[in-house]
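A, B, C and D label the chains in the order they appear, each numbered from 1.
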C-alpha cells in the first residue's frame, strides 16, 4: 500500500501547503511547465537574489494531486537555498525517481519514491522539478562556468 | 499425383497443338487477355460466320504451360461450334473449375479439373476462356435477345 | 468467484483478480482468438498472394476468408468492399487524405460532432487546412445528444459528414440513419466510425446506407494491428490508394504504374495474415455468443452500474441515455474534488482498471468544461460483483482524500 | 531426418516434410516468438500509452522495450529514432510521401537501382510524378552489380538516394557505404532498405551513416504487421506525420493540433503491441543464434546450392557473387524451356516451396529480359538434404516436360 500511503501524505501536504499556491510580488523568473498527455499545468515563480539564492518561490497551476503536491513540496524544499544547492536536490530527486533510495535531504519529497511503482504517473511527480530545471538552467550554466 | 498427370497431358497437347498458335488470315474478332499478376498473355483470333459459327480460331501469346495449353485446347474445342455452343462449353468449363465433375463434352479440357488442387494457378487455366468470353460477349447478348 | 458465463473464455482473468473496465480502449481476447493466431503461425504461415506453393495458397485462403467473414458480418454484400488496414485510425486517414483531399475545395465543409475521437477529428482538421475547406462541429447538448437545430449545419456546402455510431465518451448512440439521410439529402458522403459500436450491437452497413464505415479489430475481441474499412463499391473504385508498393500493383514500368483492383489496391506490402486470422476467430466468437445475449448481459451491467453510481452524491455521470434512446456499456464520470488521474491510480491499487484522461477527445472535454474524466467501459466478461468492488473502492478513494462522506 | 540444429525451433516443420525455400518473402517463426505473443494476450493485453492502471503500464513497458531492443539491435543510439509501422512498405511510403513531397521540386532527382522491390520504387515514382521530379535508375550489369560509371548519375540534382542493402532478386549486397558516401557528397539523403539484409547480416545504422533505414519484422523471424523505420534524429524531427489521430497528438483544439514528440508523432491510433512483443522475441532469437553462426550455416547452404545447380546445364542463375563480394542465401534462377510458374507448381507437388514470378520487381525483370524467374531463399532451418531434394525435383520437372537430359 505504498501508493495509498503516498496519497495520504500528498493530500496532507497539499492541504497544508496552500500557502505556496500564490503569485510572488518580486518574481525574477517565471516558468511554465505542462504535461500535454494529462493536462497538468504548473507555473513556478522565483525570486532570485544577485548572489544566486532563491529568496522565495511559489506556484500556480492545475492538475492532479501528485503534480500539485510535488510542486508545493519542491517550493518548501528549495526556498532559501542557493541555485547550486537546488541543483543538488534536483539531482537527488531524479536519482530517487529512477529507483535509488531517497536521500534524507529530500525531506518530505522522499514520499515520491513510491513513483517507482506507478510509471504512468512519474511525469506528474517530476513536472514541478522539470519546470524548476528550465527556470534555473541559465544560473546553473553560469555557475558551472565560473565556480565560486 | 493429379497435378503431375495434368502436366504430362498439358505438355503433350501443348506440343502437338502448336498448330493453333498462329494468326488467322480472316479473323473477324481479335481479343487480348492478360493475367497481370503472373504475366500470362493471350490473344485469341476468331473467324465468325454470319450465322454465328466459329469457323476458325487460333491464339498467340506467352506465359506458362497451363495458360498456353488451355488456350490451345479451347481452340480445338470450340472450332466449328456455334457461339451458343461455345457458351455452353464455357459454362461447363467454369463449373468444372469450381469443383463439379468434368462434363464429357469438355473432352481434353477435362484435364483442368486438377485445378481444384492448385488455386494459385486457376487464373492461368481460365485466361483463354475469359478472353473467349470477352470476344463472344456481343454475340451471346445478341443471341439471347433474339433466340433462334 | 464470479457469476459470469463468459469470463472463463478469457485467459487474462485466469490467475488474477483483475477487474478490467477499459474495454472501450481495447477488449480482452478469448482463448479461441489467441489460439487461432498461434495455430496460423505454427501450421500455415506464408506470404499470401505471391506464392504458387500450397502453403502460400493456404495463407491466401485464410486471409480472404477473413475478408468474407467480416463482409458478411456487417452485411457488406461483396468481400471486395472490405479493406484491411492497421486500425480504425488508418482507415479514417485513408478517407481524409485520399477521398477528402480529392473532393474538398475552399468553402466546402466537413461536418463532425464535437464528441468525436481524435482519430475522426484530426485527419479532417488537417485535410481542411490543406484544402481550405471548413471543419464544422455539431455540438452536443448537456445530455450528450445532438439536437435537430444542430443538424441544420449539414448544408449544400457539406461534402463529408463523419461521425461515431457510438461515442467513446458518452457511450450513447447518435441517430445514425437520420444523420446519413440528411447527409445524402445535401449530396454529402456519410462516414460512420463503428469502432465502439460493433462490439455491442450488430452493424448492417447496407441498412445504414453509409458510404464508408471503419472498424478496429482490437476493440471487438480481435488482435491489435487490424483495422477494417468498408466502402460502397463505386466509392472504393473512386478512391486513390494512399500507400503504394508491393502487392497493390498491376503493371510497373520504370515511370508508370497501374494499380490492382479493389481491395488489393489499398493493401500495400505484406499484410498481417495472422491478425486477420485472429479477427476471423473473434467474429466467430461474437456470433457464437449472439448479440441478443451480449446486449442482455451488458445492458444489465450498465443499469446496475448507473444505479450504484447514482447513489454516490459526489459522482457526476456525463451524458444521459434518454438523449438518444440507448446507453451502451460505457460510463464517463467525475469524482468531486479529486482529479480523475488520482482516482484511476488509486482504483488500480485495488485491482480495478478504469480509464482516466481526455479519452482522445480534447475538444469535447473543453466543450464539457473539464480537463479529464474517468471512464468505466464494460464487456461480457464483467460482473455485478466487480461493479460493487468499484463502488467500494470509490468510497475509499474519497476517504483517502479526506472527505467524510 | 535433417541434420539441422535450428529446425526444431520452428513448429511449422513439426509434422510435415515441408521444404520451405521462400524465407525472403516471409520467414517462419520460432516457437519462442509465437509463445511471446500468446503470453502477451493471455497476461498483459491492454491499450498502451493511455491507461493509468498497471496492465496498461505493463503494455506500454513491453511496447517501449521492443523499441529499445530494436534500437540497440541496429545500433540506433536512441530508441526514439525507431518508429513502428505496419511493414517496410509503409515506412518507405512515409518517407516518399512525407519527406519526398516536402523536398522535391521539378528537375530534382531521386535515384534508385533498377533492382529495387516495388515497395522502394512505386512510392518514389508516384511522388516524382506529383512533384515534377525525375526518377533516375542505376542499371545493374550482367552480374547484378552497379558499376562506378552508373554511380555518376548521383549528382547535384539528386535529392534522395534509396536502395536495398541486399536485393530480393540477386541476393547480392550493394556497396552501401559507397552509395551513401556519394549521396552525402552531393547533399542528398540516403535511405537503405534493410528488409532482406537484416536476417542474414548485422545492420549498424551508425556505421552506415544512412539518414533513414527500413525493416520488416516478418522477414526476420518476427510476426507480420510490424515494420520499422529508423531515422537520424534531426531527420525524424523534420518529418511531418502522414497519419494523424489518437495517440500522436499533444494538444487538439477545434481547428488546431500540435503533435507529440518523435516517435509517437508517427504512430497514430492503437498500435500492435503483440506484434512488437513478437519482434522483441525475434531479436532475442537472432541474438541467441548469433550472426556468425547464421552466416556460417547459411553460407555453407548457399555454396552447396550454387554448386549443385551449376551441374545442371539447363539452369541459369541470375547475378554473380563476385559482382559485389558476397552472395546471400537467395538464388534466383530459370529452367530452360519451362515457365517458372510451372516449375514452382511442380516442385510444390513434391513439398518444395519456391517462389516464382516477378518478385515485385517488374522493371528489373524487363531489364533482365525475362517475364519471371524462380527463387530459392534459404534460412537457418534449411538443410543440405533439402537442397538435394530440390535438385532431384528439378530433374524430374524437366523429364515431365519431355526433356531427356
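Please note the rule applied: contacts are C-beta pairs under 8 Å (C-beta built on N, C-alpha and C of every residue); 3 or more make two chains touch, one makes a residue touch a chain.
This one's a predicted model, so the numbers in the text were calculated from it and none came from an experiment.
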{"item": "Common touching chains of chain B and chain A", "value": "C, D"}
{"item": "Chain pair whose interface holds the most contacting C-beta pairs", "value": "C-D"}
{"item": "Farthest chain (mean CA position) relative to chain D", "value": "A"}
{"item": "Euclidean distance of C-alpha centroids - chain C vs chain D, Å", "value": "32"}
{"item": "Chain centre separation (chain A, chain D; CA means) in Å", "value": "47"}
{"item": "Whole-Å separation of chain centres (CA-atom averages), chain B against chain D", "value": "40"}
{"item": "Sequence positions of chain A contacting 2 or more other chains", "value": "37, 118, 120-121"}
{"item": "Multi-chain contact sites of chain C, meaning residues that touch two or more partners", "value": "51-53, 56, 251, 341, 345, 348, 357"}
{"item": "Residue numbers on chain A that touch chain D, as the complex places them", "value": "36-37, 118-121"}
{"item": "Of all residues in chain C, those that touch chain B in their complex", "value": "49, 51-53, 56-57, 60-61, 250-251, 258, 260"}
{"item": "Chain B contact footprint on chain D (complex, rising order)", "value": "338-342, 345-346, 348-349, 357-358, 371-372, 400-402"}
{"item": "Touching residues on chain B, where the partner in the complex is chain D", "value": "1, 3-4, 7-8, 11, 15, 37-39, 62-66, 118, 120-121, 124"}
{"item": "Parts of chain C lying in touch with chain D, wherever the complex brings them together", "value": "11-12, 14, 18, 20, 22, 25-26, 28-29, 31, 33-34, 37-38, 41-43, 45-47, 50-56, 86-90, 92-93, 97, 114, 117-123, 125-126, 135, 137, 216, 218, 223-227, 242-247, 249, 251-257, 268-275, 341, 344-345, 347-348, 352-357, 360, 362-363, 366"}
